[in-house]
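So, here's a batch of structures to check.
Below are two complexes that have chain A in common, paired first with chain B and then with chain C.
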Partner chain A sequence: MTKYASEPDTDFERIFNPEKIAVIGASSKGTGFGSGMFFALQDIGYQGEIFLVNPKGGTLAGHKIYESIAQIPETFDLAVIAVTAAAVPRALEACRKKGAAAAEILSSGFKELGTAEGLALEEQIREIAAQGIRVIGPNCFGIYCPQSGLTMLPGADLSRTTGPVAVCSQSGGMAVDFANTGKSMGLGFSKVVSFGNGADLRETELLAFFGQDPQTRVINMYIEGVADGEAFFDTLKNVARRKPVIVLKGGLSSAGSRAVLSHTASMGGSRAIWRAILKQANALQVSDMGEMVRASLAFARLPARSYKNLCVLGGGGALGVSAADAAEKYHMQIPPFDSGLRERIEKLLPRPGSSGGNPVDVANPYVAPEVLEQVLCLAAKDARIDLQVLITLFHHYKNTAAMAGKPVREVTPFAELARRVENTVQKTGKPVVVILNNPKRGTDHLDVVEMMEQARREFADRGIPAFDDLAEALEAIAHVNAYYGGKTHESANGCPNR
Partner chain B sequence: MTKYASEPDTDFERIFNPEKIAVIGASSKGTGFGSGMFFALQDIGYQGEIFLVNPKGGTLAGHKIYESIAQIPETFDLAVIAVTAAAVPRALEACRKKGAAAAEILSSGFKELGTAEGLALEEQIREIAAQGIRVIGPNCFGIYCPQSGLTMLPGADLSRTTGPVAVCSQSGGMAVDFANTGKSMGLGFSKVVSFGNGADLRETELLAFFGQDPQTRVINMYIEGVADGEAFFDTLKNVARRKPVIVLKGGLSSAGSRAVLSHTASMGGSRAIWRAILKQANALQVSDMGEMVRASLAFARLPARSYKNLCVLGGGGALGVSAADAAEKYHMQIPPFDSGLRERIEKLLPRPGSSGGNPVDVANPYVAPEVLEQVLCLAAKDARIDLQVLITLFHHYKNTAAMAGKPVREVTPFAELARRVENTVQKTGKPVVVILNNPKRGTDHLDVVEMMEQARREFADRGIPAFDDLAEALEAIAHVNAYYGGKTHESANGCPNR
Partner chain C sequence: MNQQTAAQIVDRARREGRSALSEYESKQVLAAYGIPVTREILVEDSGELDKATGEIGFPLVMKGCSPELAHKTEKNLVRVDLRSREEAARAFEEIRGQVSGAGGGVLVQEMVSGRRELVAGMTRDPQFGPCVMFGLGGIFTEILEDIAFRKAPLEKTDALAMMREIKGHRILGGVRGMEAADTDMLADLLIQVGQIGTDMDAVTEIDINPVIICGSRPRAVDALIALG
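Right after this comes the complex of A and B.
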């Protein structure tokens, strides 16, 4: 029990910002997880010192390989252990003796096997950890911290841009997928931890740490089972008062709960219990990783409050209908503008085919960014509106490009629109969310896909959240509303739009 | 009322496969919807004759422009009318006198405006239509028929590949987005009709036609409101006995229903009524276009039956848990294999980290296609399994490519895997669905996006349906199950896997 309460002697600074790392199990052949982690650390630009260890010695990419941990001439902050399961306890003990603050154990072959041998090895890890070294894993992908250049497997190409989003995940695949997807969406991370079997450091302590971490504003958790339900719930209630905590609980189905059993036999996977617990703690429950990343984007980019009345701008006949359906599903309104405002907006738009009501149908995809800015600024004058949603139809510029004989990225005014949306947010004080709708994704339209990703980056660089789909965006904003519209919070962390 | 019953004198052959088309409102300047349609028809490779009409005469891209419809020297099958709303009735009447079977009216400025003038103009269109010319529109994007080279606006780049999927949509944007998304997913179309305001030809008649069309096996409808609820329901019941009908009803929210009111004041948008009607008719209800396209892909590619017991193959710790959760949500099973089969599968896989149970965790993303084929063939021996789901992790080859200094498309064995999956389907008689999971989509990973789209095409060319996401794939298959697991059907159209 005490294992999962806060341990004040844990040096998280040394864990997340290690000045020296030892990689146990790097090979002079350059194969295996240990060597992979060494290359990943170099590629992502980790600036600290790295010591390599392998009983066979030799060198790897010009780096000396020590034959034992004891031979490393200095102490180090963090060990990466990637040796066979049976060799892990001895390596961990040696790292503890060298004064390492923690070890991430990438190796598998422990409790997850369900064998007596695996369980015994994991118990040995717990015992060594209790003597004074924190353990991340085993059976994990490690820690990603863009500020320090620490990275998960195989995350050599993760971003070095820091941001407010933290992730802790029992699944390594989920953690690295989240980091990659977040990078694609322009989301920056404070820390991402894949804790695997969670023999030592796991959900409750990590949650408590993220709750206090000044670099973390949004916390994501992928949980299959918790080790101590009561401690977790107390910490969750406490942390969720201060910061949004988004939880993806795997194994809520009866079959899924059987699948989880081989990992942790602790807290049951009842759907009703989890829903009640998360709701009571004012934590946000999501049903898949995509929803979790999008909710994080909304929390990271939108000022801390709820959004109930939207202005929706876009082009196309079904826009008004589907926007209204989606808004109702997520308990938001798209209030019609009064006739005066409507007429002022319609004067700016091509006629016929446009509509200045709310949703605003701009009639065709080629309305100039300057005009869209004017419309957004006018619509923001309606005092009820607290958020604007701009649906772009950039894929139609493929036709324009074909006629002009130019690349689609050159004819599509995404950079200008991003600047003008940023201006609009600054002038009106009301956030804008952009939808990068793209039905042209196939091999014939890779130029459109490329342009859309460049557009996403233009918006992201300006702090404007961009989603692929209107309903997905509203779902994400609904999580923001559920959080800020729920209980009162000790401190509403007044983050700006970026 | 009789307007919406079947009209045996309607010549759908001339409408969908016109040998001669007149474009009314093409301009020698090359601007406007009429000229756009002319260029689109040329670009998509329409082989019939095109007559252009504009009172100002002149030429467009070397084509003579007639100064009036009467001056066209021959009769024509289909007219495309793209003149101002006030000029439409006279143009339509002239086309009728020339013996055209139908006219698609792209112009807007009719009933959708809600003005007395707009309503009167639309009534005139109905009256002329009743005298012997069928009308598609007004306020629409027209008809796309890949076989004949007829295309919607602005669909110059739609596919010429024919397939079993039909779409009729009140929204032009929805119709063209569906056609584009379907193309990206390797889905072929029989006919796509954007019927806009539906002054004449609309949902019920089109549904009845698609019900009889031998080239159509799957029918999609985007409906905001129906003109005659009883006739629609009778036709729906009738057609859905023979072919799957997938319906996206827009405006089911109260706000959405108000948005629909300006289009058709006919059948109300009650969510409960629609759900009951669609269920009673054994039609499939979807909540957005993405779900509709994916359901069509499942219906088009999977043999006509229901799928309750799945084998799921992939790599990563959370796979088993999330697959089980998703399967339960969609009322499917992932039955565990017996120990004999499990051991035979595990002998083929890297150890530790893999699991030969069901789901099969192949432990790492680099398992050779040959091995995956062997595993799929073994798993198919479990008589309970009726469908296999293969989750690829191709994005991890980005790291392999970086180490090898080669483009990711060269190191990723997607073409071989597609061939081997095709072999597996042929050998086992059990269909395989592929998941092209890709969290690497941003500007740094356009090479991964490109490779994924090439992979999608490899699978599509072999009749293997590929989805982006496991839960989305199971949702699509659940529609197949709902259809074939429901009422008995007059004829189960025994389509093969391609």
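Right after this comes the complex of A and C.
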């Protein structure tokens, strides 16, 4: 088979759930990455023991600072190294001698500089790592694990709620942005790793680990370059058989870079090849972080299958046409209901202006959540429908609020709708995706923006995936379809691109 | 399949310091891997021409053939639909003068009929190694870039997925009274192109353009193998 398992002596339990952490390079002045990490760990509520180290000694927020790593009275699981690049190899070696399982090196000044000195320092790190300590980084933001309270920089305010989503990223900024975006969308993480230059532990081994990690169901990767193409491909193919792997590849070019004779080589630039590699492994390629987070949300919240026939329920601008266009783009259908079902739905809706076909146009934005639940339950009776999309029209309640002289968050029935949607899903067994459509986002509508975020939280807490936009939601669902639909199709003819 | 034959052709060219095989040699390598190619005879001397045209049969195609000739059409070294010994003799004189170098000559080739032209190829990616290409062929290759890649070695499902992936995939079906292309044969062709890349590190690039669908069966009509 393939190189799948990580090196057997790597203790990932000690890396992601450390009982004791040493922060090397924590200043008594409270400045710098080391001190920043100490405060972040305290703020997020890390319960383990933290040892601080700085040659100048002293204290930080009442915590003793040891003058050397050797002085720490016990062993520790994980080191956070935030000293100048030239001092990193010595610190790492001292951590290894202390028996640490791993060190995350936040310091920069290595290979990324491209200088002889930077390259040499990184080579030293690699040599020390090979002797028995795993390294995350250098030039990274570290590891975030909500279960253990381990956090990356600057991540004092990340969520402590564990979820099924794992991320590994060559870019620290991307990792932190993903964690924050996920938190605002109600997405929980198992582990997020920023691995920076990846001197030791990097994409392929992390992917293999996430593949085996029982807490991880969805894997995200931001990749600029891979260290070993063959091993990466084999591992990706292997892991993607069991869990969806979503990949954002940075820095693609259309043209082949070398001087070539053939058309094949001139057209085989990194863009075409990466696209092929990811398809071949049944991994999912996305073009930006927003698409990646939304795809993760769909994978995390929707049952594992593909969704081809939708019921779309809502109102607003050119609903029927725009829904049909979006569905066609992503190879889904919105099949019209038969006349019997249509009439039963229309009896529930205000007349005139509404339509009980599919899409269902409610005509009036103030249709009660109770009625929307009844409509969703009726529509689910069409056996073809495998997923329902509910486009909410909450922003219209701004007008109601003005007339009632009350805040918009008090007059908008988002909490009741969330409950009723949850009921609907339980009763019908068919998932519902909610669209928090909001054209009112300017400075004079900050109350609407706030209410929308409260609504998002209500739905998220009930496990209902909520997106801002219908096309974005269908794009995310299309990734789910590509993953679960991609395994069965073998016939060559008459089957459109998935 | 005779991989040894293929390796010998490649080794000889490398010993001669060449960066490419001629069309004739390239096709011999493909044929050694079981890829269907045109029937053809390399003629170096005009005295052998009649025997060659007799074997191939009219109408036929004649092409300048040498390792230095990557793009024959642009250099006006291709004559198609030649229907008599006189036409063949005239074409031979016109082409022969322009083809020099070791292994050079005039390729006398059967004329393959078929309206569907495809392309298959191989490139070596710096990270992922040999990758196979499939797409619409002939002049459309460059104009439409309707192509798909997969990393070698290919499984049959990969080869079939490449055929589905191109926008023009319906060209493989039974359109306008044409027979549906034999996708099993086409899949084998793509798998073998990948296999050449996997077996021989010295082969850096392959272009088979066009692959013409003749009836339902694919055939390599022109080919270029680059060495490194």
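Throughout what follows, the second predicted complex is superposed on the first by the 465 of 498 C-alpha atoms of A that agree within 3 Å, B and C clash if a C-alpha of one lies under 4 Å from a C-alpha of the other, contacts with A are read in each partner's own complex, and residues count from 1 in each chain.
The definition used in the following text is that a residue touches a chain if its C-beta (ideal position, glycine included) is under 8 Å from a C-beta of that chain, and two chains touch if they have at least 3 such contacts.
Computed from a predicted structure; not experimentally measured.
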Which of chain B and chain C A:S190 touches, first, second, both or neither: neither
Partner chain(s) touched by A:Q285 [first = chain B, second = chain C, both, neither]: neither
Which superposed partner A:T424 touches (first chain B, second chain C, both, neither): neither
Touching partner for A:Q454 - first (chain B), second (chain C), both, neither: first
First, second, both or neither for A:A276, with chain B first and chain C second: second
Contacts of A:H396 with chain B and chain C, given as first, second, both or neither: first
First, second, both or neither for A:V226, with chain B first and chain C second: second
Chain A residues touched by each partner, larger count belonging to chain B or chain C: B
First (chain B), second (chain C), both or neither touched by A:S108: first
Shared contact residues on chain A - chain B and chain C: 256, 260
Residues of chain C touching chain A in the complex: 19-20, 70, 119, 121-125, 127-129, 131, 133, 141-142, 145, 147-151, 157-158, 160-161, 163-165, 167, 169-170, 172-173, 180, 183, 187, 204-207, 209, 224, 226
Complex contacts: residues of chain B adjacent to chain A: 39, 43, 85, 108-109, 112-113, 139, 154, 156-157, 170-174, 176-178, 180-181, 183-186, 196, 222, 224, 250-256, 258-260, 288, 290, 315-322, 324-325, 327-329, 333-334, 352-353, 359, 395-396, 398-399, 402-403, 437, 439-446, 449-450, 453-454, 456-457, 469, 471
Contact footprint of chain C on chain A as seen in their complex: 225-226, 229-230, 233, 256, 260-265, 267-268, 270, 272-273, 275-277, 279-280, 489-495, 497
